[in-house]
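Let me give you the structure first, and then I'll get to my questions.
Letters A, B, C and D mark the chains as written, and numbering starts fresh at 1 in each.
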């Protein structure tokens, strides 16, 4: 690989990270706004998440006494994990970076680092809420893990590689695999996982501050100011990246194959359209859904694991 | 020069007589030690000698390499037991003390005679003589329990060993009907007599059954825990360490005859049954044992069982392992019994549950006890590690895998029981003692020379690594009955 | 080759003598240094053997034809190296750590014996030498476990369990080797390898050896000693036992499946995968709900060994189907071994430091140590990262390799493979997820938040020697993750695996499956993408008013007390509810009513205990039966001389009947 | 009648006497009677030796016969009798097996002895002089005595009864020895005799001590040493 090519790939990655970062608050805004409208409220507007971030950046951070450096580092780690995922997942372009080819395991691990950072953040202040959120968060993360890997496995079998770009490119080039039982089952399983991983209904209610139901919000209770801004941005990034991934797996068209400006532009537009649409769908779906009891969440996850496992079996049958 | 074989028989006579006549306690105390040293020295000299086998009075006394090895074992173990049991107090010896010293000498002499004779009849006589000599040693303390033990010992021992006499008699008859009326082991194993297989079958089986009594093999072992539990510690050490081994030696000799006349089948079956049975009995009774002297006694049954299994297997490796095991077990067991005796003297009880926290309270007793038990359990570098490994490997190689599997399971049970009991005694805090005399000053007999214990344990530790001269000697000795 | 082996033996002897002879004041320093030298000599020998040096040290024995051969091959060299490095860290740590009962003569003498035995196991070239080293290792570690026997009944119980199970392992191994010896007539490993792996005897040998080595490795259901012995042993001993000793069980399995009986039937592999999967899930579940820090680490060892065994099984399973994935699985197995050695050393040493500083190992009574013990916190944090298999640690590299191997085992023709791989993948994933929770809990509860006991509140950082050992091993955890290329290349060499290349700065490529992992590039990428945010934070921080501290949110005007925090137990509570059936905890709720009314509770006491289900269901009945048999057998020896004579009579009659046929 | 004929007659007579005394020992309860019966058995054994000596034309055997007579016919019964007097207990009270069953047992044991002694009889039938043939066929008698001795040891409760049983067992072995091989070598015979005598003495002494310690000397009371 020549230096120019490498530079091109890196440039593409930079573009992709920038686009995703810019999109993330908007996707969140779209989701909230859809939900508000469907619930009969006016809503704060699509740009509200951006405004929230700006507000938080200006605020004076308050730290609980007795906290450690985790309070400062964890938000940044969470953000970094989202950004790394944004760089590795084929969202705009399906071309791997040199040395770090968006290997699904690496992506999952990067996201897990963020999960852990958030969980530690919840424990840092030593409050009942933080511990509770952290504990539930980790339990869900632990139970999600098998589904993730199984879905990944099901997706990688036809391609013979766990590199995401290759998987997406293969699905784009051979649409038959998308509609194959294995492909469908795996993507559905992955979608459930995305909901659980990003703290959406029915696993977690992102809008609640009621102790009994909190997961994500409980962990960030003691975080404020820019720290909170990073945490929120990081979480939104995570949602956007995963939505983008699911979108590109279902509808792989529009993803650029190279670094030409035209293809890039198409890729950006396609991505924006897909994630905004998915965000809206998510918001709409949440209106119709109630949160599950915490101890029924494992049932949901077991169900998605079963789907993923069936996907693997199906892929053996097809192959 | 052949007359040297007389020395182990004459020395104890002199020393025993001296112990009886000279009323000094030190003479009584040291007579056994000196006798052991003499036996050991003669054994070593005989081991080192090459050339024709020393032979006196037409095979009445004959010392081949196996005899020499066994004599060495008797000397070494005897030294450990008697030296370890020396009471340093001076003064006038009581009658009981003098009798005790004399009987120990007689006991040593009887065992020496047993291994030094070529005549199976004399062998039997010598082994029966050990019963006679040890009867009063077992009952030495004169308590109701020790008398009970002595009675059981003499009755069971005599009745059992008498069966061996029947076997010996029938062997003689077999020789006679084959043309040469002889009890000479050398002749019987030479293969030149056309011995009747049917008769020899009966004869050797009875002989093995009889000698198995003295060797403590199940189901003839019943006297052993009582006698070993009640005898004074040095005597227990001697009985457990060498008397059993001498009886086993007799079995090995008989087995050699059977091998020549019948092939290995019968002996293998008999010895394997006895060995596995002994291991099973020992394992079952060690698991929940409540008395530490009996614990050691059952451990002896276990080791004899293992030796019987080794003898059943046969072949150079297994037989060498058996002999090395005899040596290692003798030294370790004698040490363990001597220490157990001191613990008994110090604590006033032989119940395991009444002895607690020994490491914290009496490290000088606990440490040698633990080391001796570790040696008995077959931890390296002690010799028993090598022998247990070798016996199992040789057994499997001989196609006796099923039996070896049983042996392994039983060894695990024995291990669990011994470790549980030992741990209960030695571990724990100092203050948990329940019985009287929590940690008062040691009573008389709780102390004693440490040197023999250290020597014995060190010898057990290094002997396994000694290809020369020990390994060579063992190989030669094993070759005699191979 | 002989020189380092001899040096090792000599140094161990010196260490033991130093331990016994040196006066109390300098014993630690003298014996510790000699122990360090012993471990270093072992590591040296390991390096030489790993590099392909040959040569043997032969020790005679008193039995004919039995010679103890010490002749490590490459694989053995690797394990010697692992044991040596762990041993060195442990020795350094012990100099500062050991005090009181753990610094006695016996304890200091047992340590070098234990380390020596551990290093000689992989050096052994025949079964007698192997078992001898094995027993040295067992004996030495038992003594170490017993350090606090005079204070704690649990220690005595743990040591008993340990001694018996470790003897079980020794006897099973002996049996297995004997089966092979019977087949081949040899006792040295080169000779034993002549056995036909497809024969029934070989399968018997495999089962026996697997039981023996599995026991030592702490594989479920043979793990029962592990959660007892590890917590009770002094921490440096726990570290060595967990990081290195259980690996000798793994070495044994490798020895059997790669060197002695290569090419065994498929069901061997399936058994290994199954057992590994069971251990992994069961171990991590128990670890997740454990609140005793060292017990948690012990169960985590079971989990990791499970993964290692699973990887080995996978390698054997795929061997006939797919060559490259099989090699990768084997490589992953070794990577797991090495990385587990690194992070488990760190974690146990860290736990020891916590124990030393606070007197507590119950997570429910710890907290807030990050402020008072920064070094320990850092080291333990690195170890926890490794245990959770997060990038960029050795643990991550290992699991990544394993997953790569399994992904590329796709399209299998063999039904067993088709059924096994996805299930195994699910198990690995669940294990990884639970490991994450476990170590977030361990680190977060112990080091973050507020102190939950006086001991935690008054903790002080440990002496410098202990810090050095902890931090060094913590750095090793990350080092293995940052530069997996050379490590993987070395390991590949040890088992003769091809197709492992390097990429970038210390990265690794798996040529057979076209996968690449460059942790340095990944780290650079992470920092690069988050740099703007960092810069922004810094700029913002300069512009706005200073950060202020305030009490944590307590729902209005309540001042939260440390007692209100989540504890380790409560942290694992949701998980416990989810896995109630597998863990079967015992719960007790005791309500004390006020005197006037039974409807008003004065006090409610809730207690919950998680026993080891395997121990309760599998071992307890066996022990009960054995005890019952033993009690029944007492009737054989009931004191009646008549009965004894009847035995003799019966024996005589039986023998007479038998021989007169 | 020739010497051989006489010897054969004596042999038959003495083996019959041996068997009879063994059976009677099972029947009788009195220890004093047992001592007398043992004396008779000793004499019968000596007679057996004489008959074999005659058949074998072996003068040395006559010496052996003298030793046997002295030891088994006189000394040991005396030792036993002294022991009985010392303990002052004569009758065996609660028998474990009543005399009738005991005698039935004896017949069963005799049958067993006959069955299992086949290899011995076959192998030794053709040896030695003229009397040796019939001698070998009497081997089951010796074996029966051995088994009866064991039966006595197992079924009797008095301490000294066990000594009686042991002595019958020993007589049985001696009988087998003389019948199959005309006795063991003299040195061995001497040693064996000495051992047996010493065992008898020791048991007598021990039973005295036990009597002193326990008051009664039933072996059932020796049950303190147990697991």
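Just so it is clear, contacts are C-beta pairs under 8 Å (C-beta built on N, C-alpha and C of every residue); 3 or more make two chains touch, one makes a residue touch a chain.
Given the structure is predicted, the values throughout are model-derived calculations rather than measurements.
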* Asked: So which chains are sitting against subunit B and subunit C at once?
  -> D
* Chain pair with the higher count of C-beta pairs in contact (A-C, C-D) -> A-C
* **Whole-Å separation of chain centres (CA-atom averages), subunit C against subunit D** => 69
* Round to the nearest whole Å and give the separation of the Cα centres of subunit A and subunit B. => 77
* Chain centre separation in whole Å, for subunit C relative to subunit A (CA means) -> 35
* How many angstrom lie between the CA centroids of subunit A and subunit D, rounded to a whole number? -> 100
* Identify all positions of subunit B at which a residue touches two or more other chains, and write them in rising order. => 151-152, 155, 159, 163, 201-202, 225, 285, 288
* Asked: What residues in subunit D touch two or more of the other chains?
  -> 116, 119, 150, 153, 162, 219, 222, 224-225, 227
* Could you please write down every pair of chains that are in touch? => A-C, B-C, B-D, C-D
* Asked: For subunit D, which residues count as touching subunit B in their complex?
  -> 116, 119-120, 122-124, 126-128, 146, 149-150, 153, 159, 162-163, 165-166, 169-170, 173, 176-177, 180-182, 184-185, 187-188, 191-192, 194-195, 198-199, 202-203, 206-207, 209-210, 213-214, 219, 222, 224-225, 227
* Asked: Which bits of subunit A are touching subunit C when the two form their complex?
  -> 17, 57-66, 68-70, 76, 79-81, 83-84, 86-87, 97-101, 103, 105-106, 109-110, 112-113, 115-116, 119-120, 123-132, 134-136, 138-139, 141-150, 153, 156-157, 160-163, 221-222, 225-226, 230, 294-295, 298, 305, 309, 312-313, 315-316, 319
* Asked: Which part of subunit C faces subunit D closely enough to touch in the complex?
  -> 634, 637-642, 645-646, 648-649, 652-653, 656-657, 659-660
* To do: Report the residues of subunit B in contact with subunit C in the complex, numbered from low to high.
  => 151-152, 155-156, 159-160, 163, 201-202, 205-206, 209, 213, 219-220, 222-223, 225, 266, 270, 281, 284-285, 287-288, 316-317, 320-321, 324, 357, 359-360, 374, 377-381, 383, 385-390, 392-393, 395-397, 399, 401, 404-405, 408, 411-413, 415-417, 419-420, 423, 427-430, 463-468, 470-471, 474-475, 478
* For subunit C, which residues count as touching subunit A in their complex? -> 288, 367-368, 370-371, 388-391, 396, 399-400, 403-404, 406-408, 410-412, 418, 422, 425-426, 428-430, 432-434, 436-437, 440-441, 443-445, 448-450, 503-504, 507, 513-518, 521-522, 525-527, 529-530, 533-534, 536-537, 540-541, 544-554, 560, 562, 564-567, 570-575, 577-578
